[in-house]
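We just call them A, B, C and D in the order they show up, numbering each chain from 1.
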Amino acid sequence: MQLGMVGLGRMGANIVRRLMRADHSCVVFDANPATREALGREGAEVAASVAEFRQRLAAPRAVWVMLPAGEVTESMIGELAGILEPGDTIIDGGNSFWKDDIRRAGALSAKGLTYLDIGTSGGVWGLERGYCLMIGGDKGAVERLDPIFCALAPGRGDIPASRHREGRAGTAEEGYLHCGPSGAGHYVKMIHNGIEYGMMQAFAEGFDILNNAASERLPADQRLTLDVADIAEVWRRGSVVTSWLLDLTAEALAEDGRLSAFSGHVADSGEGRWTVEAAIEQATPAEVLTSALYTRFRSRQDHTFAEKILSAMRKGFGGHQEQKSS
Amino acid sequence: MQLGMVGLGRMGANIVRRLMRADHSCVVFDANPATREALGREGAEVAASVAEFRQRLAAPRAVWVMLPAGEVTESMIGELAGILEPGDTIIDGGNSFWKDDIRRAGALSAKGLTYLDIGTSGGVWGLERGYCLMIGGDKGAVERLDPIFCALAPGRGDIPASRHREGRAGTAEEGYLHCGPSGAGHYVKMIHNGIEYGMMQAFAEGFDILNNAASERLPADQRLTLDVADIAEVWRRGSVVTSWLLDLTAEALAEDGRLSAFSGHVADSGEGRWTVEAAIEQATPAEVLTSALYTRFRSRQDHTFAEKILSAMRKGFGGHQEQKSS
Amino acid sequence: MQLGMVGLGRMGANIVRRLMRADHSCVVFDANPATREALGREGAEVAASVAEFRQRLAAPRAVWVMLPAGEVTESMIGELAGILEPGDTIIDGGNSFWKDDIRRAGALSAKGLTYLDIGTSGGVWGLERGYCLMIGGDKGAVERLDPIFCALAPGRGDIPASRHREGRAGTAEEGYLHCGPSGAGHYVKMIHNGIEYGMMQAFAEGFDILNNAASERLPADQRLTLDVADIAEVWRRGSVVTSWLLDLTAEALAEDGRLSAFSGHVADSGEGRWTVEAAIEQATPAEVLTSALYTRFRSRQDHTFAEKILSAMRKGFGGHQEQKSS
Amino acid sequence: MQLGMVGLGRMGANIVRRLMRADHSCVVFDANPATREALGREGAEVAASVAEFRQRLAAPRAVWVMLPAGEVTESMIGELAGILEPGDTIIDGGNSFWKDDIRRAGALSAKGLTYLDIGTSGGVWGLERGYCLMIGGDKGAVERLDPIFCALAPGRGDIPASRHREGRAGTAEEGYLHCGPSGAGHYVKMIHNGIEYGMMQAFAEGFDILNNAASERLPADQRLTLDVADIAEVWRRGSVVTSWLLDLTAEALAEDGRLSAFSGHVADSGEGRWTVEAAIEQATPAEVLTSALYTRFRSRQDHTFAEKILSAMRKGFGGHQEQKSS
């Protein structure tokens, strides 16, 4: 099957590679000529412009946009909307905001174009392991493009379907899912990332406590010097916290139990923030997902103004002088 | 190798069974005659009293106590300490508080007895999958009992060692670990459970938001009806949140996507609370692990006095009358 | 000075009353004839329609809109914009979202109209104590309407200016403040309410713990039966937590230390939610303000789906059956 | 009335001064001769040793210990217990842990000594404003020492009793309160401080958001430059958040709106931690009080190991490189 790919960063390029390995045919475009030529040498058909891109794709076209969420994606979808034909499909596989999907799908529908929003999980491992795909939008388009999704997804592998799923149709057990109408794909991906933040923070706090168990602030007979790398490794087998995130943690700690290469500045992307906003719009309490986000905010500051306010108050009512040591 | 087991509840009995499958020999005692006789019929050697228990075990004895943490365990260890001989080892495999381990190890040491504290993860699945063992205490005793631990642990299975572990000795890759001196085993298990609470809550909040995405409180054009069972299933393949806890969630949701069998009263055990206390003693922030605990506290109340205080204040300053609907 | 008031609910009517007490002249309109007539009998000039309202006000007009935030306010401002003249001023004294203020001010400016956004704190007590006013918008309009604001504000009273304020100009010490350009008034009011949520929750949790100090879950020799009404009262004098919110709590507890009249369903208004969103947009951690919001969300549900997910997982890995008791 | 005071730090010395102003007679001791002599020059009777201290006090003696909580206090109480006589009273006015009070009261009772635990709020302002006293222990001793407590407390001042208190006996309206049996005084003070932490953090977060409203991370048309000193000042009159902590904040911000003198390292004392532990023992959720504590923990670290764990995972699954900028 033929797919057009716009945006050949790590994710876009690897999606193309995985599709070509499954004998699908890919037409690719990237604003950077060197980038697109490189993928051409791996077998992709290269378009030098969006216009050429359109010509090289057979109708009904399917164009996957894999660009940074926000203005870049918005602008490219606008450009594609101007040159594609009724019946064509635009896929946003990036990390767009789900309400933007609903808006875009409506606008494109008026031109006879179909829009799919796909949340794509798998990171740098997707090329080999496959991408977990969460798809929102028109059912007909999803069914037509099934060969593409099937090739990208991890497939059943050695993970048996969950008990009690007997008799259920659908592709969830193959690692891709039509989640619902427009917006549903990115919504589900957003929550996926929200959960990811929470799980990461749970591990982070746990290992922090293990690490500090040897703290000199503790009574001498209550200090424990623990090997966090070995602990992460032992939990990978038979414990309740076994998970891919634990596997990654174990590997990082095996390399360096102090994690000295990291300063501790932690970035966050839109999905964590949008998850909190979605929770608030619904009036759903989401303490853990929110705390996980705030920890990252805090990690990027030396000191907050909030902390100085606290110190100022303490001086005000108690004459407390700030101490550096804890 | 021979091991004595006191306490034949689900955990104790299954540990005995797994040991017997590996051709170890077990002497068992339980206060309930029917319980111990039942295990006798499966091949264990039954003692009708603690005194008989002692006689049936060859010195140096190893006695594993698998009783509810707290007074029951404390009392049994005291009783065993009274009849065992120098060189014998008492193992507490339950969920004891790590500072109790330090205290007990000191007291038993004065009598020439060795004490090991073992955190045991695996729950009802341990019999088949093996138990992840986190061991604290005397190195010599740990080494002597290695065949027991090796038989109980999951073993390497099909989980390769983490990268960068080349050259590391030890048994972490087999699913059991001598974590450190007395207390270290239960300390590591405590943190394991703390992390477990946090991960569970991350999933719980995420699925709550997915579930409420169809809420009538939302604008009609921003509602999404999502199949949480399928979403849990698709995430099991290739996503960042793959984990055993997700597997369990997927299974429960496949059986009933509404989880109607559950009221939502969630119990908590000591480890979650002790994790928070350990964090506080160290001055380590642990927002997520703590929130996960508080959510369970809240789940067991109809309404808190705190909430009534809020309502009373709102009436006080704003004349707001409480509304039932949200 | 003359002011028009649209919306004669508790807040709007009391603002009119306070202005009339200070010998300002008020023209009032409310969609409900009985409501506006009632205020007429107290001395206000009544308009039977928005059109009549315009006629009765002398240019340059100042019209204060005191309606529920959202569509009602939006629609009324649109209607006023259609009939007022260049040089007139529209004031939104309700709890509008600050970004709406920025948008509206821009739109009205194109018609030569001035728009002020005013956050008004004081609740049912404002008539007697005065209203704390946080004002955003055009400096000229703010200065022209100073007599109105001065009459509404509490004034200096017996609260001396803070130390170090010598030489500062402005009206903050009188209880009203021009906070900045359009949006600034409602922004400051939004944060005020966010802080209010956090303070309320701090008291609520503290009194909850005091109340539960007699819990039978505690060891018998560690239970304390405390009189929360007396405790609230004693803190009102000389303690660090003295505050108006404590005064209100003390009064409510003096009336009924069990607060039996309240079920514990706690509503929330937009400002608490917007505060969290503002924090997230800035990447400012706001744990306490957010937790205070989530507590209210939780208070309005019998059980969350999140809690059922937890119970389902616990059953899955540990065979734990849900227990009703805590 | 006569009172002995051990420990003449800022709190102890000011308590003595306030008592002398009310014509009570004070015998004072401090390990530092210069310190005790200085107070002697202000009119106190100085003891050069604990033994002399005993002699100078008339039976039944009342000795107030005002030393740092922990070993120093414990040791002094032990020393006093060795030399005082049946019928004498020891008062711990410091910030001791309430369970220590219960233990001490029992031990002293066996010797015929009475023990009172008093939580003392008021900080550096207590000398002038009076101290809010929360008293636990024997009713008879509390009544006998009423003149002392009455002199130390703020008194009714210009704060009227709360509505609905008609007919209530007791001293709460005078600013001191017999809260209950041993431990109750420090328990109530502990919760007072827990609430104080939560309120402080609510203000801190709110002012942090106000301060960051001008952040360059925000879209240019949504930035607001706000004067936090003026905002704090205006809220002092007529708003819902009026409080002594706001007064202190307003003063600090008036002195320097950037709070440049503070680095943001925020200390915490035992009460905040004990409050969380008390909540956990009761299974009372206390999100806000706990977050307020964790914020202080975090403020004293450059980066947590937790944050490095997050960065390591992000690199693991996404190839994300840490960025310094936020």
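In this section, a residue touches a chain if its C-beta (ideal position, glycine included) is under 8 Å from a C-beta of that chain, and two chains touch if they have at least 3 such contacts.
The structure presented is a predicted model; accordingly, all values stated were derived computationally and were not measured.
Looking at the partners of chain A and chain B together, the chains they share are C, D. A centroid comparison over C-alpha atoms places C as the chain most distant from chain B. Averaged Cα coordinates give chain C a centre that lies 31 Å from the centre of chain D. Separating the CA-averaged centres of chain B and chain D is a span of 38 Å.
Mean C-alpha positions place chain B and chain C at a centre distance of 47 Å. The set of chain A residues that touch two or more partner chains comprises 123, 201, 203, 205, 208, 212, 240, 244-245, 251, 283-287, 291, 294-295, 297-298, 300, 304, 306, 317, 326.
On chain A, the positions that touch chain D within their shared complex are 10, 123-125, 200-201, 203-205, 207-208, 211-212, 244-245, 248-249, 251-253, 259, 262-267, 287, 295-320, 322-326. Against chain B, in their complex, chain D makes its touches with residues 240, 268, 273, 276-277, 280, 283-287, 290-291, 293-295, 297-298, 300, 304, 306, 317. Across the interface of their complex, chain A is touched by residues 99, 102, 121-123, 126, 129-134, 153-157, 159, 161-165, 168, 170-177, 179-181, 183-184, 187-188, 191-199, 201-203, 205-206, 208-210, 212-213, 215, 217-218, 221-222, 224-227, 229-247, 250-251, 254-255, 275, 278-279, 281-289, 291-292, 294-295, 326 of chain B.
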